[in-house]
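Each in structure tokens, the structures are laid out below.
Same chain, two partners: chain A is paired with chain B first, then with chain C.
On to the complex of A and B.
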């Protein structure tokens, strides 16, 4: 028996070394990965290919995105201290329009999917907040760093910000909203947002 | 004066900030980056969650705010650059990309990158990145000799990391603030510090030592058109997602700079 132990120990170490890192990743990475995999499976599904299936594809992706993105949190953060200037009705309208805009942007990015690979490179959890870092390798062999910020809601980790190449969506929109709201009213902002979303 | 103008042209690369940032800079060591993000974030997250109790979330950090005292002029030049892109640069880059196969354009890009090696080397040294300096030096030798003067990125293909360091980042690392936002005509987003950085880096770029301003401009134009041919569509999608494209570009430029300085 005594002789076997070192062998078993070594085998154990080897197994650990061979297991992919993701096996040890926490819940935020796991959940994010599930979402990404689901989206990729829709984009690569031969039954859903082609322009005739675009609507169907988008509806499916939108549903998956809704389960992982916290549109409300994103909206609050993007508006920053302006958020409290909105009444309940305006808040609702804002969240709806802003999520449609983000959704469209996200959709147009993923529609170009051509076999990019995502690797998960890091995870930091601080109670109810988490940061999951990944690298997306494009078909042209360019690595794009992406940082996802998530907030825990029950058992679900929900994305409230995404930063690509260091450029955070929430910060970028906050700069824009700040600039717009320094010159115009909330209702004008909502009108502008509505117009933007309806752009073809 | 002539040289100065030529050197300023170099900041044209900044216009294509998106190109620069996605053209394969592997970034610095990911580990310290992870820590720096994680660490800074902790404080910010705590503040944010406390603030959200009152339904109020303040700006994430002072660092993320770039003063813009020249906004009216900057906005005018934004419109100018926007038209320049859609009316001149984009059609030219499209035609260029149509005529030249991607492999050739990649080679031309590698050639220019290899040529600007002194900029990266010196700035790696400025920032105490000895490993970066030695890897850039090795890549330069290998690509210049075995890669036919830099047309082939042999080192990059073999997985050698790239260190896209510049003087703006060095100055940032030394603790100099960005000053304020400047949106140059032709050259695009920069800051006061970024402008000094580009001029300084210009002294290390061999293109600026060509015998005439005309030649240098022509060579630089090829570089800009070549770069643009790879990123057609990126500026368009930024504009499509933005409610205020001017602010969106300013913020994207600055956030990307902050990240590069952190690394």
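On to the complex of A and C.
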């Protein structure tokens, strides 16, 4: 009996050590936090610093982003009602180009990371949808509210929209694609995206 | 007999006049007597920005409905809208509160989505965008720099 006690105690300590993560922050916040922490650990890794490692670093970040961002859902939402006009082939091309475009546009900003702190301020879950609110404190001491919108896919919560200072990312692209597609065709839009992606 | 005829006609005109007046006030005041046509949907905003009952709901700038009421629900603004019959709002449509011109009235603009599912009558438009508070935004970048 006496011999069993330390095991019980150890088990108790382990449970207590694991508990706070699952008990106080919901699954969406926790998963999002894991992703941000992973990206930050890459950005602060001294072995991956410098321009010579840029390619490797970007590939790693891209891989982590792929696990948390639902590019398909994002693309569909960004195209809005035009999405239905695309055939399967065009949809695939669009998703690929759109994610590459975001990669190009935001990777530099991500790489500019200089110790900004993110605090998670709230979480609301409504069936398969979740909203995770966070505040990013910049080096200039300005707090920027960021709202992440996630959708549940199996066990994973995937981001489909991000709103910074109340401005939705999907809505921004939807308005742009909408005005583009009212003037030009789908193939022209794809060509334009391709050009943007390949531009140096 | 003759006196009665005159009184009767005057009465008829008066009733006709009241009906016309009623009709006019309903039309001009944009009130609906029997709930009106169309169906109701609602959306939650973190800030209604002064949106009022009767404000228009538009898609691509075309009026497709009106705001039925703005209420406070769990410290969020719940905007109830009446949308015309036959207008389908996709499940991933975004409702944003906008201002006509620089200082114009507020209205709700719905940007249609690409989903197959649509918002059912009484349902909720999940994606919303509240008006941007310029004052807050400017003050943040003016006073934010505490160095």
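List of remarks:
Everything that follows uses one rule, which is that the second predicted complex is superposed on the first by the 177 of 200 C-alpha atoms of A that agree within 3 Å, B and C clash if a C-alpha of one lies under 4 Å from a C-alpha of the other, contacts with A are read in each partner's own complex, and residues count from 1 in each chain.
Heads up, the rule we're going with is that a contact is a pair of C-beta atoms (placed from the backbone, for glycine too) under 8 Å apart; a residue touches a chain by one contact, two chains touch by 3 or more.
Only a predicted model underlies this, so the values are computations on that prediction, with no experimental measurement involved.
Superposition note: with chain A as the common reference, chain B and chain C are in steric clash. In the superposition on chain A, A:176 contacts chain B only, with no contact to chain C. Looking at the superposed arrangement, the partner reaching more residues of chain A, out of chain B and chain C, is B.
In the superposed pair of complexes, A:133 makes contact with chain B only, with no contact to chain C.
In the superposed model, A:155 makes contact with neither chain B nor chain C. In the superposition on chain A, A:141 makes contact with both chain B and chain C. With both structures placed on the common chain, the touch criterion links A:122 to chain B but leaves chain C unconnected. The clash between chain B and chain C in the superposition falls on 40-48, which is one of the stretches 4-12, 40-48 or 220-228. Across the two superposed structures, the residue set of chain A contacted by chain B and also by chain C is 76-77, 80-81, 83-84, 126, 129, 141-143, 149, 163, 165-168, 171, 174-175, 178. Within the complex formed with chain B, the chain A residues making contact are 76-77, 80-81, 83-84, 101, 104-105, 108-109, 121-122, 124, 126, 128-129, 131, 133, 141-145, 147, 149, 163, 165-168, 171-180, 189, 192-193, 196, 199. Contacts from chain C toward chain A in the complex involve residues 46, 90, 92, 94, 96, 111-115, 126-127, 129-130, 132-133, 137, 140-141, 144-147.
Listing the residues of chain B that touch chain A in their complex gives 21-24, 26-27, 30, 34, 37-38, 41-42, 45-46, 48-49, 52, 55-60, 64, 237, 240-244, 246-248, 250-252, 255-256, 258-260, 262. Only residues 76-77, 79-84, 126, 129, 140-143, 149, 161, 163, 165-168, 170-171, 174-175, 178 of chain A touch chain C when the two sit together in their complex.
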